[in-house]
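Multiple structures are listed underneath, in C-alpha cells.
Look for subunit A in each of the two complexes below; its partner is subunit B in the first and subunit C in the second.
So, the complex of A and B:
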C-alpha cells in the first residue's frame, strides 16, 4: 500500500521530467529527420546550454545585477535574462559546430556523422569539465518550499510549475512554427525528402540552419530546466539524460517531433512511477526496457510511419 | 643508468600488455563495424561483462567482509575466459534480435543502453558483484609457479648483479605479455581466415549493401547476428585478460564511454575493415593516450583538468581522422580473383 500511495506525487515528478525529456527529444528528432543522423552529442549540448547559462548568470551577478525573485519563483530577472541569452548562445555554438564538423561530413553518410557526434559528445563534456570541474554547480542555492495541493496531497514547488508551463508553451510554439510558418513547412518538406525539397526550390541550407537553432535552443532549455529541477548541474548531466531522450524519441517514432513529445512524457512518467517499486538507480533501465519492447512490437514507434 | 633502463623495459612490457588487450577489443569491434558495418557503442559494457564473468568463475569465493554471496569457483583461467566469451555472446545475441532488422541507429542506441545497464547492475547488485567495492584477489594464471621459480633462481644466483635481479623480479609480466600477444595473434589469424572465407564475403557484402546481399539469397539478419555475437565474444576475452592482469576490478575500472571511445578511435585510426590496422591502431592510440598522460603532467592543471584535456585531444583526433583520412592508416584489403584484378586506372 505504501508504494501505491506515493504514485500521485510520482506522476507529478514524471510530468516534470517528461517535459524536460520531451524538449531534448524534439531536437534529436528534427536532426534525425532533416540531417539524417542520430546526434549522440545532443545530451552534451543540453549540458552546454546549462553551463552557458551558469556562466552568463555568474557574469551578471559579478556585474552587480540583482536577482530578486520574481513572484514565488526561486530566481529573478538576471537569471531569466541569462536563460534567454544561453539559448541564443547555444544555438550559435551548434551552428558553428555544424559548419566546422557536420557540414563537411554530410556526404560521408549517416554513420560517419553519428561517429563524429560521439567524438563531439565527449569533447563537449570534457570542455565543460575542464573549465568548471566535475563537481556540481548550483544556480540558486536557496531551497524552495513546496506547496501542498489540497485534497490530493501532492507537493509541488513554484519552479516546477514554471518548468511545466514553459515546456508546454515551447511545444505549442514549435507546433505553430512547424505548421503555420513558411520555414516550418519547408522543414517538414525537407524531413520527408531533402533532395526533393531542394529541387522544388527550398533553400535547404537555411532549413538546416533553423534545425540547429531550434534543436540547440530547446536542448539548452532542457539542460537549464534540468538544472533548476535538480538544483545543480554537472558535466555528466547530458550523458545521464541521453538514454531517456533516445528512448523517448524511439518510443514516439524516430524522426517525428510529436512522437518525441509523447515518448518523452511516457518515459518521464514510467521512470518516476517505477521508483515506487524498484531502486531509483534503475531509472535508465526502465527507459531502456520500454524502448526494447517498442522495438520488438512496433519499431516505427507510436506515431511513426514506414518510410 | 642500468636501473632506469630496466624501468623503461618494465614500462614497455606493461604498456604492451594494455595495448595488446585493447588490440583484442579492437579486433572484436572490427568484426562488427569493420566487416559487417554494425555500430556498437557499448564496448565498455561487454569488456566489463567479460572481466566480471572471468573473475567470478576463476576468482576466490567471497571473503568474510565481501557483500557478495555467490561466485568464486576458482576454476582454471581458460574456463573463465571461455565463460566470459559465452556470456558476452549471449548478451549480444539478445541485443541483436530487436535491433538488427532495423537501421544502424537502433543498434547504436541499444548498445549504449546495455552498457549503461551492465554498469548499473555492477554497481547495485552487490550480492553478485560486491557493488562499488569490486572483486579482489583475482588470480593471475601460473602466477605462483612463475614467482617461486624466479625467486628460487635468484636465490641460487644471489651473486649476480643487482640489475639482473630487478630485471627478473618483474618477469611475471613478461609471461603475461606473451599470453596476451599469443591470444591476440591467434585471434588475428582466425579473423584473417574468417573474413576471407565465404562467411566473411557475405558480411562484407552486407556492409556494402544489405539489400543486394539479401537479394542474393543470404539471410542477412542471421549473418549480422553472428558477426555481432562473434565480436562481443572477442571483447569478452579481452575483458577476462584485463581481470586476470589487474587482479582487482570494480565498476569504476570500466568508465562507460571512455573505454568504448578509445577502442573506436583505435579502429578508425588503424583502419576499419583491416585486422592489421585494428591492432596497429590500438598500439598507436594507446601510445598517444599514455604519451598525453606524460605530457599533461608538465602543464599547470589539476588532475581532473589534465584528464579532460586528454579526452578532448582524442576527440579532436577522431574528428580529424574522419575529416581528412576516413580510411585510417591502413586501408581495407582489396582481394580480387586472379583474373579480375582491377587495372590501375579504375580503382
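So, the complex of A and C:
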C-alpha cells in the first residue's frame, strides 16, 4: 500500500516535469518537420536559455534592481523580466546559429545537419561551462513552503503551480498561432511538404526563421522552468533532459507538435510515477524503454502520420 | 545527366497544349525546368516576353505562372480551405472573392472546405491542388499528369474542370502519358520522345494520326 499512496503526489510531479518536457519537445518536433533533422543541440539550447536568464538576472541585481517576490512566488519582477529577455535573446542566438551553421548545410541533407547539431550541442555546453563553470548555480535561493491540497494529501508549491499554468498558456498560444495565423498555417504547410510550399510561393526562409524563434524561445522557457523547479542549474541541464524530450517527441509522433505535447506529458508522468516502484536512478531508463517500445510497435508515434 | 535536348515548345495566351510521350521521355523534367526547379544547361525560357531562365520558382509564381506537380501536390494535414489560403500566401489583400471563384469551379471543395486534405480521395486532392495553383489568378498553369492514378470517370471530371479553367482565360500546359482525353480538349499537342520533340500538330490531328496513335496512345 505504501507505494500506491504516493501516486497522487507523483502525478503532480509528473505533470510539472511533463510540462517542461513538452515545451522542449515542441521545438524538436518543429525543427524535425520543417528543417528535416533531429536537433541534438536542443537540450543545450534549453541550458543556454537558462544561463542567459541567470546572466541577465545577475546584471539586474548588480544594477540594484530588487527582486521582491511577487505574491506567493519565490521570485520577483527582476527575475521575471530576465526570464522574458532570456527568451528573446535565446531566439536571437539560435537565429544567428542557423545563419552561421545550419543554413549553409541545408542542402547537404539530414544526416549532415544532425551531425552538425551534435557538434553544436558539445560546443554550447562547453561555452556555458567555460563562462559559468561546471558547478551548480542557484536560481532560486528562497525556500518555499508547499501548500497541502486538502483531501488528496497532495503538496504543491506556488512556483510549481506557476510552471504548470505558464506551460499550459504557452501550449494554447502555440496552438492558436499554428491554427489561426497565416504564418502558423504556412509552418504546418512547410512541415507537410517544404518543396511544395516553395513552389506555392510561401516564403520558406521566413517560415524557417519563425521555427527557430518559437523553438528557441520555448526551449529557453523549458530550461528556465527546469531551473526554477530544481532551484539550480548546471551546464549539463539540457543534455540530461534531452533523452526525455526525444522520447516524448518519438512517442507522440515525430514532426507533430501536438504529439510532442502529449508525449511530454506521458513521459513526465511515467518517469515520476515509476519512482513509486523502482529506484529514482532508473528515471532515464523509463523514458528510454518507452521510446524503444514505441519505435518497435508503432514507429510513427501516437499522433504521427505517414510521411 | 542531360534529359532534354533542343526541346522547343510554345504556348499562346489562353491556349491548352498537351505534351505526350512515353515514360522517361522527359515530360516532367520539362515542366520542372520551365518552373525553375531545374536549371537548363542551355537555351532560353521566355514567359510574357520576359526571360525567366534560371529564376527560382518563388519568383516565377509572382510573374503569373503556377505549377501542379504529379504527386505530393497538396498539404495533407491542412484543410481544403487552408490549402487554398496557402496558394494565396504572397497576397496581402483580401482574397475571399478569388476563393469564391475557385469554389465556383469546384463546388465539392466548398462542401469539404473544413476537411483535412489527407483524408480526401485522389480526385478531390487533384481539385485541391488545381484550386491552390489558381489562387493567384495565373496566366499559365502547368499540370503534370493531372489524371494519373484516377478512375476513368474521375479523370473525365478533372478534364472537364480543366476545360472550364481554360474558359476563364488561363493558358494550360499539360503533360500526360495517357493522353487521349487531354488531346481532345487541347488546341495543340507535342510529342516528346527521348528528350526531343518529334511532332507538333493540333490536338485533333494528333489524335487521328495513325502512327502516333499506335506509338503513344495505345492504338
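In this text, the second predicted complex is superposed on the first by the 307 of 307 C-alpha atoms of A that agree within 3 Å, B and C clash if a C-alpha of one lies under 4 Å from a C-alpha of the other, contacts with A are read in each partner's own complex, and residues count from 1 in each chain.
Throughout what follows, contacts are C-beta pairs under 8 Å (C-beta built on N, C-alpha and C of every residue); 3 or more make two chains touch, one makes a residue touch a chain.
Keep in mind that this is a model prediction, so the values were computed, not measured.
Legend: residue contacts after superposition of the two complexes on their common chain; A:191 is shown touching subunit C, with no touch to subunit B.
Using the contact criterion defined above for the overlaid structures, shared-chain residue A:155 touches neither subunit B nor subunit C, since it reaches no partner.
In the superposed pair of complexes, A:296 makes contact with subunit B only, with no contact to subunit C. When the two complexes are overlaid, the chain among subunit B and subunit C that reaches more residues of subunit A is B. Once chain A of one complex is fitted onto chain A of the other, the partner contacts of A:104 are limited to subunit B, with no touch recorded for subunit C. By the touch criterion defined above, A:239 lies against subunit B but remains apart from subunit C after alignment on the C-alpha atoms of chain A. Within the complex formed with subunit B, the subunit A residues making contact are 32, 37-38, 40, 101, 104-105, 108, 110-112, 114-116, 118-123, 126-127, 129-130, 133-134, 239, 242-243, 246-247, 250, 254, 279, 281-282, 284-285, 287-288, 291-292, 295-296, 299.
The touching residues of subunit B, when paired with subunit A in their complex, are 37, 39, 41, 97-99, 101-102, 104-106, 108-110, 112-114, 116-117, 120, 123-124, 256-258, 261, 264-265, 268, 302, 304-305, 307-309, 311-312, 314-316, 318-319, 322-323, 326. Put simply, subunit C touches subunit A in their complex at residues 35, 37, 57-58, 61-62, 67, 69, 72-78, 82-83, 85-87, 89-90, 118, 132, 136.
For subunit A in complex with subunit C, the residues that touch the partner chain are 182, 185-186, 188-189, 191-193, 195-203, 305.
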